[in-house]
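Following this line, the structures themselves.
Here chain A shows up in two complexes: once beside chain B, once beside chain C.
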Partner chain A sequence: MLRNWWKFLGVLLLAYSIYAGLATPLAPGIISAKSSATYTSDSTFTVTVFGYNTRFQTEQSGLQAWLMNNDKPVCATRVEVIDETHAILHFPPVAPIKDPLFTLKMHSAGDGLLVMENAIWTADTVTAGLTQVCQPKVASEDQNYHAYPFRYILYESIRNLFLHVPMWFAMIALLSWSLYNNFKYLRGFNINYDHRAHESVKVALVFGMLGLITGSLWARSTWGAWWVDDTKLNGTAITMLSYLAYLVLRNSIEDEQKRARVSAIYSIFAYVMMLVLIGLLPRLNDSLHPGNGGNPAFSNYDLDNTMRPVFYAAVLGWIIVGIWISGIRYRMRKLKEAHT
Partner chain B sequence: MWTRQIGKLVKRELLNETRQQYAVFGIILFVVSTIFIARFSFKAVKEIPTWNALFWIIMLFAAVTGIARSFAQESRGKLLYLYTVADPRALLVAKMIYNNILLVALGLAGIAIYGFLIGFPAQNVGLYILAVVLGCSALASGFTMISAIASKGGNNFALMAILGFPVLLPVLMAGIRLSKFAADGLTGDGAWQYAGLLIALNVAVSALAYLLFPYLWRD
Partner chain C sequence: MKKLALLVILLISFTGTAFSQSSMDEEIFKTLRGNASMNVVIVVAMLILAGIFFYLFRLDRKLSKLEQEVNEGKKS
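Our next item is the complex of A and B:
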């Protein structure tokens, strides 16, 4: 029982990451804002706002809205709330300074600060304008609820972080485990290590396929295509090809010991090239992935504090479960061989 | 002692080649006919990226064809003989040196024929030739090891391609990028970064092969 503590840990971590990943709501945010006029300097205009998870009606009394242009705020004269997620904002005539883009901000005690960057574009070309600058009263910018960050374009798909990214961590962990077993095999030529290495490569390939599928779905909803030409994508696809070649190589050799030796050598080769493909080349190229153009890792900005513990739990949980599966497969293989 | 052994083994490879010239002529013929096919199917290649990629694809297949024989050509008797007299690492180093010479020469001949038949729009000729030399050298080292692995697994050409292409793709990509810089006439940190990467990959692949080959050699 105690010997298997890590299996319990893996199940617990996975259960936590799946529950917290799906049950935690998304923070309120603004999905779209439509202006009634493109020439905002002529007359009063309205902005129709569509929110997500917002509580405009509940928070009606303290709801403020203002537009930002060059760090100068212009407050709405009236906020007309239709329901929890719809509101019409009335603005006085206002001309942008230099930049014809306005950032929309809304604030209420319950929803906190809602920001939509470059929400409104105007055709005005005034270089000196913007009248009626106001001071919005924001007590605190902190959101006092537990929720995942609302990100434009990402929206609810941000939860995919807990499924997509751990797949790659698990794949790399399993391939590293396989590499370790390959070294062990080459030290003493004990065929059991070869079997362990083989099974963990197979499980790693399953995780790789799952990573490609979750990534492809995510890419479709955020980048607009099932497959994009991205260095990380191509790198992982090539890594999987080289490990599929490893399986082909194994099938082409009859003798068990010879097969183990040759394929161990090939997989060490493939592992080193994988490090180059997904560790080094993305640093030299631009990538659509977060932390792109130089750093293939996450930065503080990409990972919110509410997501961090869930993400780490998911990574560790999937790695443990992956190693566990490969161990079970190895034992099944032993039993099958003992019977024949 | 060790360098003498390597020298003798390289000499043996060269002697082999001069005795059965059809092998080297075969690869040259392969390159020339592929370039002719490219010429007939493309007429003229106007875009530089396509022109550049086409050359590297031809070189990649030439490398597989040329180096696939490296271990496969040895008969069982010869292998047993080498096993008793030579150090496996010396044998690998000798094969690598020989394949490097072969493939770099093939690459230089290839770019000359390719430039003659398809055109040579590259702006920085010196850097382009450097890219060909570095890329072919790295491909030669990598494919030498792959051919040793493939020779243990039934010796077929398809296996060599299946094993070699994904693993040596970083080398090919670095080669393509560097020669693209040369073709566009750009020199700078970007170009030298890829040149450095090619050299580093070559060293890494050779070192790995050197460490692992004795395990492969023992039968």
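Our next item is the complex of A and C:
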């Protein structure tokens, strides 16, 4: 029992991450905003707003709305609340100063600040000044509730951070474990270390496959395609192929010690390739992945502190499960060799 | 509970069952369903669990075969 404490830890961490990952609500936000007018400078116009997890009705008394252009706010003259997630905003005639796009902001004490970047487009030429500049009274921009950040396009699928990303962390951890065992083999030529390395590569590839499939699904719903020409995607595909080649290479050598030596050396190169392809190149090139090619990672988002413990628990939990499975495979292999 | 209800409704509407909604709800449903926001999380979670369990079952079968071999080896 006590010897297996880390297995229990892994199960607990995974249980926590799945529960917290699904049970925590998403922060309120604006899903869509539709303007009634093509030309916003001619006459008054309305903007129909659809919110998600918002409480327009409950917060009706303190609900403010304004449009931003070139950092200048224009307040709604009236906020007409239909229900919790539906409101009609009445605006005075507004001409754009900088670009023909307005950012919509709403604020209430309970929901905090809701922002929709470039929500409204206008056909007006960008020349005239703003007609009415106001000063929205926002006491605090803090959102005082426990929720995951509302991200445009991502929405609820932000929870995939706890499912898709840990697969890759588990794969990289297992490949690192394999590399460590390869080094240990090369120090004393003890064949057991070679077996450990081999088994953990096999499990790493399972996690890699799961990462690819789940990533593909997520890409379909947020980027619009099952596979996009992204540095990170192609890099991981090459990494997986090079480790598949490792398995093929092993099968092609008969002598046990020779096979162990050749594959240990090969896997060192494959590991370095993986670091370059997954870790380095996506940061130098443009990539759709957060944290790469100038894209902000999730850690840059303000409400990320609610996600961080859940994410780390999921990563650690899956790494433990991966090491556990590779240990079982190794023990099975020992047993088989002892009896044949 | 409200979340769960929304989820069920989303899943049902995703399968194309006729579902009476007011026009304003429709907008939200369309956006979330169009991006399959919550569905994609569920499908991803199910896929990972299915993948891991499939792998474990295969491992289990391998182990059973191995046990059989070991037991037969003992007898002879």
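The working rule: the second predicted complex is superposed on the first by the 327 of 340 C-alpha atoms of A that agree within 3 Å, B and C clash if a C-alpha of one lies under 4 Å from a C-alpha of the other, contacts with A are read in each partner's own complex, and residues count from 1 in each chain.
In the analysis below, a contact is a pair of C-beta atoms (placed from the backbone, for glycine too) under 8 Å apart; a residue touches a chain by one contact, two chains touch by 3 or more.
Note that the structure is predicted; figures quoted are calculated from it, not measured.
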item	value
First (chain B), second (chain C), both or neither touched by A:157	second
Touching partner for A:86 - first (chain B), second (chain C), both, neither	second
First, second, both or neither for A:137, with chain B first and chain C second	neither
Between chain B and chain C, more extensive residue contact with chain A	C
Partner chain(s) touched by A:245 [first = chain B, second = chain C, both, neither]	first
First (chain B), second (chain C), both or neither touched by A:284	first
Touch list for chain A against partner chain C, complex	18, 22-23, 25, 31-32, 50, 52, 82-83, 85-86, 153-157, 159-160, 163-164, 167, 206, 209-210, 213-214, 217-218, 220-222, 321, 325, 328-329, 332, 335-336, 339-340
Residue ranges of chain A touching chain B (in the complex, touch as defined)	186, 238-239, 241-242, 245, 248-249, 252-253, 258, 261-262, 264-266, 268-270, 272-273, 276-277, 280-281, 284
Residue ranges of chain B touching chain A (in the complex, touch as defined)	145-146, 149, 152-154, 159, 162-163, 165-170, 173, 193-194, 197, 201, 204-205, 208, 212, 215-216, 218-219
Residues of chain C that touch chain A when the two form their complex	3, 24, 27-28, 31-32, 35-41, 43-45, 47-48, 51-52, 55-56, 59, 62-63, 66, 69-70, 73
